[in-house]
Structures are given as C-alpha cells and as structure tokens.
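Both of the next two complexes hold subunit A, though its partner changes from subunit B to subunit C.
For the complex of A and B:
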C-alpha cells in the first residue's frame, strides 16, 4: 500500500504554494508595507505617501506623547485582566455547575454559547438600547423602582461598566464550551473513586476537576488575553469615538479612528504595529507563565 | 493510479490559477473588434454618488437615472454610498488605484483638491469645447469653483442651507414665541433659560458627535458673510479670535445647561429624537434634515425652520448655504470614446431643471430659472422656502475649507472646550497645525 506519492514530496509543494502565496500577498506583504508606512507621511486612506516623515521615527515619538494612546493602552490592559477574571472565570464557574447536573446540559450549552453567533454590531446596538439615556431599558426599570434622575451609562463614572459588560458577556459562552469539553474528557472513574473515598463536591472540584483542566484553562487564558487585544467592533458600536471625553479608547478603536476618520494613515499604521508587538509579547509572557503540564 | 490522479489534480490547480491571467488571441481579437464598434452601442457607466443608503433623495436619484437608462439605452452601474469620511476615503482610494468611477457626485471644496490637482476630473470649460450646451441651464458663478484653481469642474444638483429647526409645540407649552427673522442671540439665550426652567432641553445637539452646525453659526456670529469663509492663520489673528469667541459661545451654552444632559456621550440620533419626542425646542441642521422631520414628526405642523439668531456683524437673516457637491466626469471616462458622450448625457439628464427640482425645491440652487416649486409642499418646506427667499446673505460653511484631519480634530475638541478640558485657542492652534 506504500505508494510513491507519499515518498515524493514535490507534489505536496504544489498544493502548499497557493496557500503560501495567499498568505504572502494578503498578510505578510501588507504587514511589511504597514511597517514601511509607519515611517511615511500619508494624509488619507488610499493616497500615496508624500515621502518619509521628518524625522522618520516621528510617529514612534508621538506614541509616547499622545495621552489618548496612553488611555487606549491602559484600557486594553484593563480589558485583558477583566477578560481573564470574568470571561474565563464565569465560563469556568458555569461549566463546573453544568457538569454537576444530569439533565439540560445541552440546553445550557446552547443558551450560553448563543451570544457568540450574534454579530458584535447587532449586540452593540442591542446594548445601546439597554443603556440608552432617555428611554433605555435599564433607566426605565430604575425609574419604575423610584429613581428620579436618569443615569448616563456612558458618562465618565459608568462607561467602563457599560463598555465592558457586553464584551464579557459575549465571549463567556466560547470559553464555557471549551471548558465543558475539557470536563467531559475527565474520566468518571476518578470522580467515583473520590466519592467512595468520601470527597465532598468542593474537594472533587478542587483536587480533581481544576488540576485536570489545567491545560484547557491555559489555552483559554492565552486565547482570552490575545483576543482582548483585538476587541474592536462592540466597543466601537457602543462608544464610538472614545466616548465619553476620549476615555474609552482601546488600541483597536483608536487605530481605526486615526486611519479611517482622521485620515492619519501613517500614525494608524504605527498603532497597528504596537498592537502586534503587544500581542506577541503578551502571548509569549502568557506561554511562559502558564506552562502546560504533561499528565 | 494515484500518481495519475495527483498529476491531474496538480495540472487542474495550476490551470485554474492561471486562468484569470490569460488572454487568448481570440479574446483580444474580439475585444478589439468590440472597441471599434463600441461608440455606437449602449454602454455601462459606473456612477458613484452620496445618494446611497437611507439618503432622503435616494428615490429621486433612482428615478432620475432609470429615466436616463430608458431614454439612452445605456446602463448605470450605481455604486453610491452614504457621505461620510469613510466614503470620501474610499473614493480617493479608488482614484489612487485606477478604479475610479466614470461619473462622480462629490464635494467641490478642498475635499476634491487632490482630484483637480491630479488631473483626475475634467473641467466644465474642457467639456464645453465638445459639448457647448453642457450645464447651460446653470449660472456659472454658482457652480462651485474648485479652490485648487478657481475653475468649475462639477455640476451641482441640490444646494444646501443650514437653519434653526424649532419644535413649536414645545415653545407653546413653555410660553415662548416662535422666533422670526429679527431673532437675536440675547433673546435666544433668554428663551433657552425659560425653556430650561420648565424642565425641557432647550437645544438638541450632540457635542460628542455633531457639533458642526453650532460651530458654524457661533463662528458666523462673530463675522460677516464676506469674512466667514476665511480661515485663521492662528488663534490670535482677527479670524482666529472670532473662532475662539464662537467656540466660547458654545461653552456658554453648555455651562448654562442648554444642551442635553448627555450631550458629551449621546449620538446625533439620540439628541434629535428629543425633538421628535417634544423634549427639546431648538436644533440647527441642514436642508437634508427636512426628510427626517417628515418621517419622524408626529405632526409636521409642530415644526418649523427659521434663521439662527444673530449677533455682532451677522444679521439673523444671513445664512450658511451653498452648493457643496456636484457631478464630475472623470478623466478616465472622458478619454474613453465609448463612454464620453454617455457620461455627458448622464450629467445633463441628472441636472435638468425638472430633476434638480425634485431633489430639493427648498434648497439653494444654481439653476438660472430657479427650482420648480412642488404643489404639495408641507408647512416645514414652506418655512424653509420662505427662509432661503428672505436671506440677506448666503455664505458657504467655513469648515469646508479645512482638510479632513484638521476638521475632525477640531470637532473632536469642541466637547473638550465646552467642558473646560482645553481652551478654544489651544484647539484652534492644534487644528491649524495639521497642515496635510
């Protein structure tokens, strides 16, 4: 049965080259151009560069003096931390609870996973209506319960809650499904043995489920941390251009705004590079801190 | 057998990759023959306008170009979008990459400078050498000459004006009279105070999203129709000082609590909804907003539009308006013998007196004979026509003289000026520092 087709590798190259060319044309070349553009002066999307900036590293200096970039970085880091705590944390909690019930597992899986399949733009519009100042669902409920002044959920005191809640809520289901799958892979024999030994429910989770979920949780954490860097659509729909008072910028939304709204394409390219660099650094750090274990 | 299958698959894949790049001798011959006889055949022209999406004139635009298709046999490939900064960027990108349309409905201010300077569009003088009656129903002085070289390139359709929309029901409930042509800024402030004391928002405006119109008129109130379009060199020259005073007027309105409580976090749609819900009294917007009121008002008769209150050198009856957009024929289409006449005919068909009148009879126009009034105008349209008719001065918006980046930066700073996070002078200087 050993055909020569599997020994000769040259035909494989023919099949690999199209994918490689695709990646080269649509990923690596644009990325290289992005680095080049960050040193140029480009005054509008689609317009040719008007030579190099003077000095050529102008945009990189600007990054450190730009207070909005600072806000965007702080918010993105905060989002990363909140993602770990709430997205992965709540997903773990829900998964452990579901693992302990006999009926309705599939129902809850579907229910918790459902937000993932709704487009972020639609979710943004939905939450905009929920948190709307005049006539929004939350404010209407609060008024019913006797509040006299409506709350501006997008003001400086509330915007973080308003922006982060939908983002957290949307992806809980994603990590929930991964963790549930991890829990299903744990042999029931181990739980039965623990039960015979008199282990309580909490101890079974503490000494069996969590240790055996270690690698799954590490995968979730790395996905969550790197995913937080790419969050764009939902905050953009809800908070627009840094609402309120340039406080809600994320690196993704700020890059988009600089490029598409402000027309400062070279600075937008520079921010894009920062996002990539942070992504690589954070994923490397996460890989080193949360090492996978062999069982 | 597997070797044969692998070979066939490889060849098929390779062939499919190259298929798109191939031009067979037979195909080129056919294309050549087609080109030679193309001038006589109906052609397809690509048109980009801002009448896409939910534009109030979308239906009028569609009806007009379909009538052109029927009359000429040509086909219009419509690639219209909604006018915003992304739309502008996409058009510029299309020109940059050689994918420009044949006819473009676009701004005639500094936004089009790159098209004019790059020779991407054809001047009306050039077109008239071959087609002498091109745009002959328009007054040349009002076509909207390019700031790049002072020549006319575009043929306008519906001009615009900006005015003060008023919720008459709210004013009546608050015991405030509906303002007229002699409305002053001081009276306006007093009325706002009265309205606010009744628990109603005096001004519907999102400083976060669309402070454009208040900026325009507050600046105008410290200038005259002849000086309004001048750009400052710095915040300390005369024009710069006028800008700073205007921006500080916005700050005063904010400080006095005349804007919605959430003006720094609300969208334009949210604040305008206050007008429809009888929760706000005044809003400044443009002629295009009439359609919004017609769609959203419980009763159109509860609304009117009039002059924005004036002060200093500006009479209340001096208004912002003009013809900021028009149809361009691109150099690419002009150089194509098959498309040249089709494009000229298209622009002519879209700018006849009848078609222009359907696009906005209340608006400022370049038509020599003026627009033809509709027989079924509502009270808001009648008020708008009365306003434009009684205007003592019309000047274009000064913001059109700013490049996109500077304009966006300035408007983003207006909420910061209002809340005291920056000063008007700093915001003006920061905007003017953005040169390209």
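For the complex of A and C:
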C-alpha cells in the first residue's frame, strides 16, 4: 500500500480535516461537554450553567430516587428483552422458513423490509388510528368477532402492549434480511452431507443452521439491545408524555421531557449518560456471554 | 467425491425441498407476516379517501361511490403547508446527504490509502463515535448553536442549518466506515496507472475512486437520506419555527391540529408515506443493502 502516490502526505490534510473537524465540533466536544453538564446546574437550554451542583454528584443521586426514572429503566429493559425474543425470534423463524422455498423470496424480503424505511412518526400516527378507542381498526375487528366492550388500548392494562408492539413489528424485517444473508452464506454442501447422514428438517436446523448462524445472531442481539435504547419517535408520538399516569416512559422519551418540558437540562444530560452506559455495558456483557466463534 | 453434484449444483435445492413437505404451511406463515406489514398501509390509504366519520364505523370497506371523497386531502393541504414541509425536508436531507458523501468519501480515502502516525487512534475515534447515541450529544450541541445564534430564530434558512449540521456529524462515522471498507479492497493498480498518466491526487479521487466505488457511495447516500428524512428527535430539538417544519416534524403536530378528524390524520400519514414508498419500490435493492450495511448505526 506504500505506493509512491501516497508518499506525499500534504493532501491528507484536505482529506481528513473537514470530516474530523465536523465530528470534533458536533460529536466529541458535545459528548465530553455532556458529561461535564451533568455535574452542573442548568435551568434552560439557552442559559449558562449556574455553577456546579452541590454536591456535584447530585443528579446521580437523584437517578436512584426518581420513581419515574425507575419506570423508564424498567420499561426500557423490558423492551430490550421483548425485542430479543420477538423481533429477532420472529425474524429467525421467518428466515428459516423462507430458506425452504424458492418462489417469492424477493417479494417477501421487499414487503418485510418496508416498515423500516417509513418514518416512525408516520407509523406512530398509523398505530394511533389502529388502536383508537372509539372505532380504531383493532376494536372494530374485535366487534366483528362479537366483542361488546371496546378496549382502551392506552389504559393501564394495555399500554405496554400498545406501545411495544409497533416498535417490534417495525424492525422484524431488518433482522430478517440480516439472518437470511447469513443463511445464504451457509454452503449447500453441508446440508447435503447432513442429508446423506439422514438428518431431518428439524435436526438440520438445530445442528447446522443455528450453530452456523451463531455470529449473525449475536450481531442481531447486540443491534436489538442497543436499538431498544435509541427508541424515541414511536412511543413519543403514541404515548406523548408518559401516558397513562407516567407509566409508559422510556429512557429516551424521559430524557427529552426532562430537558425540554421540565427545563432540567443537567438532569437530562445525566439520563443521556445512563443511556450510553447501559448501551456499552449490555453490549459488552452480550459479547462476553456469547463469544464470537470461528467455524 | 460427489462429482455428480458439482456438475448439477441445482440439485442441492431439489434435495432440500423433498425434506420439507409442509410447503403450504410455510407459505401461509410467510404470507401472514406479509399481511401484517402491508395491510396497515392499505387500510390507512383506503380510509384517507373515506367520508368523515366512516373510518370509525366502517373502516374495512373500500371507499366507493358515496363514501369516496378527496375532502381529507383538501383539508390537509388547506390547513397545513404540506408542500412547504416537503420542500424543507428535501432541502435538509439533500444537503446532509451531499455533505456526508463528500466528506466521508474524502476521509475514507485518506484513511484507506495513506499510512501516517495516529491513523489507528483516528480509526478508534470513528468507531467510538458510532456508539454515541444522539441523546448524549444533543444538549451541548443545542447550547453551542444557541451561542452561535442559529437556533430559536425566525429564519427558515438558519433553522434548516441547525438541523443539517448535527445530522451531518451524526452520519459521518458510519459513512466513513462503510466507504473505507470498500476503498481498501480496491486494487491500487488503477490509481498508479492514473498517476502515471499525470493525474493529481484529487483527480485520482474524483475520476478513479468515485466511479468504481459508486455502489458504496449510493448505499451511503440512500441510508443518510432516509435517516435524515425520518429523524424526528433532532428535528424536534432544533425546528421550533413553523415555516421551517419538515414533513416528519409537521406530522408530529398534526394530531393536535386534526383533533378527532381521523380522516385528516389518515391523509397526513399517506402524504408522508407515499414519497418514501415510491422511492422504495424503485430502489429497494439498494435501500435494503444500505440499511443493513448501516446496521451498526441503527
């Protein structure tokens, strides 16, 4: 790679400086500043910090005493777990099924992936209509099947289902495509060898497909978990400020609310740090537990 | 060993097919999921053409004759500035995409081809920044830009700029990683040949690298564009001035404007979804590739 063209280093500045300057100003500096802010007392987005909090770790103590933060954390964790089970689970099931057919694979791929390109805001409104109390799609459907009482999908008994189902539904196609790509990389020779040894359909999946998908599934798992931390738009559009009764908060929506609506900017910064820390810890733990394997 | 198979590779599929007799069941399950992804959109399109109120009593019927109307769309265009919002969305997303592709292309080329001190450190910085969720940088970015007087203003152009800048930064690291991977895999011979022809380094980049790496650039461009178009969080933070609202941001307001006019809401959803649907149908292969390559970014 040490070609004579690239011996002269001066153009390097032109290539690298613009991009890195951008990232320095809009990513690295703000990231560091956010940590600093979490120790300060800031009452408005546009106002200067009024010195440090006393004690300086005030916000971090607050995290543990704030019942709503607790709700937000529990909901986010729940979302993570459900994402792994349902998003990746359904995607895996669909991918294993489609591996057996030849006609229509492109069609299913296109259709399954479609919700991902749609803005979560539009999906939020769409699901608001679907889960509408008075005459939404689901309630109308249930009436047709003889239900008499309409269900309030956003009440305390149903809000978790209503909030999380669309989030999960949207990204199934994403993991589906990743897993299908993984399946296509498995050489047909291996299946043939198994065929000769008399492995049946189920055993083929259990002993060949799943082990060989190990690394792909780990990637999906980490993406699903970190993705769950970034969810904002759908719950925000559907649930607004923590409906019902501050019960539907997620870490992302709660952070936005603290920063904008409550004007507690330094606490918002602290919640943002919690989001980063959870993301790093969870993906590290997942990596440790399910070490990548070479086959 | 099994020479017969190497001559007829197609048979491997035949062998697999015979093992699974439940093909009908497979198609049923796959179709069921397809229905869950298609039907909600069909449903909302159907209802956006229905007479007021009908959506709540009879939402499954196809709007025909008396029940068919354009009223919801007329209301949508009268009440809110849909075209203006499309225009704002387009300006922001195109600007973000162009700058990201250009700067990331430069940086990826520099990182892939030059050997210099601190290269590994820069590489780690890029990877690390992909892990920063937008939540962790947005407050200081807002405060910084507030100091520059480009947020909370009544200027459409400045409002757009205030969304464009952080969105560019947010997409750069992913774009650099994807492009770097591709450029690194290119044979260097072409660049050397061009160099001998008398091209300078910038000509090599624009006339040799960019044309060969076109698919990767397309992938990055599509991903960046869609991400920018759909990103509500950044837009909620920085777009406070109504005239600068993008279509995504406007849609978020429509609930309060529409109230119980669900037909209007359905029409608004359709108006946002349709441009994306058209682009998706045309470019689906590139999009699927682009979005999954951008997996790490999510």
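The rule is short, and it goes like this: the second predicted complex is superposed on the first by the 283 of 295 C-alpha atoms of A that agree within 3 Å, B and C clash if a C-alpha of one lies under 4 Å from a C-alpha of the other, contacts with A are read in each partner's own complex, and residues count from 1 in each chain.
Basically, a contact is a pair of C-beta atoms (placed from the backbone, for glycine too) under 8 Å apart; a residue touches a chain by one contact, two chains touch by 3 or more.
Predicted model, so just to flag it, every value in this text is computed and none were measured.
Contact with neither subunit B nor subunit C is seen for A:59 once the two complexes are overlaid on the shared chain.
In the overlay built on the shared chain, the residue A:132 is in contact with subunit B and with subunit C. Shared-chain residue A:83: touches no atom of subunit B or subunit C.
In the superposed model, C is the one of subunit B and subunit C that contacts more residues of subunit A. When both complexes are overlaid on chain A, the residue A:31 reaches subunit C alone and has no touch with subunit B. In the superposed pair of complexes, A:270 makes contact with neither subunit B nor subunit C.
Contact with both subunit B and subunit C is seen for A:18 once the two complexes are overlaid on the shared chain.
By the touch criterion defined above, A:209 reaches neither subunit B nor subunit C. In the superposition on chain A, contact of A:241 is made with subunit B only, not with subunit C.
Of the two partner chains placed around the shared chain by superposition, subunit B is the only one that A:262 touches, whereas subunit C remains out of contact.
Overlaid on A, the two complexes show subunit B and subunit C touching the same residues of subunit A, namely 3-5, 11, 14-15, 18, 45-46, 132, 134, 260. Subunit B meets subunit A in the complex at residues 2-3, 6-7, 10, 13-14, 17, 85-86, 89-90, 92-97, 114, 208-209, 261-262, 264-267, 270, 273-274, 277, 279, 403-405, 408-409, 412, 415-416, 419, 421, 436. By the touch rule above, subunit C contacts subunit A in their complex via residues 2, 5, 9, 12-13, 15-17, 19-20, 23, 26-27, 29-30, 33-34, 36-38, 40-41, 43-44, 47, 55-60, 103-104, 106-107, 109-111, 113-116, 122, 125-126, 129, 131-144, 146, 152, 165-166, 168-170, 172-173, 176, 188, 191-192, 195, 201-202, 204, 226, 229-230, 232-233, 236-237, 248, 251-252, 254-255, 262, 265-266, 268-269, 272-273, 276-277, 279-280, 284, 287-288, 291-292, 295-296, 298. On the side of subunit A, the complex with subunit B involves touching residues 3-5, 11, 14-15, 18, 41, 43-48, 50, 132-134, 150, 152, 154-155, 159, 240-241, 243-246, 260-264.
Within the complex formed with subunit C, the residues of subunit A that make contact are 1-6, 8-9, 11-12, 14-16, 18-20, 22-23, 25-31, 33-34, 37, 45-46, 90, 93-94, 97-98, 100-102, 104, 107-122, 125-130, 132, 134-137, 140-141, 169, 172-174, 177-178, 181, 188-189, 191-192, 195, 200-201, 204, 219, 223, 226-227, 229-230, 232-233, 236-237, 252, 255-256, 259-260, 265, 268-269, 271-273, 275-276, 279-280.
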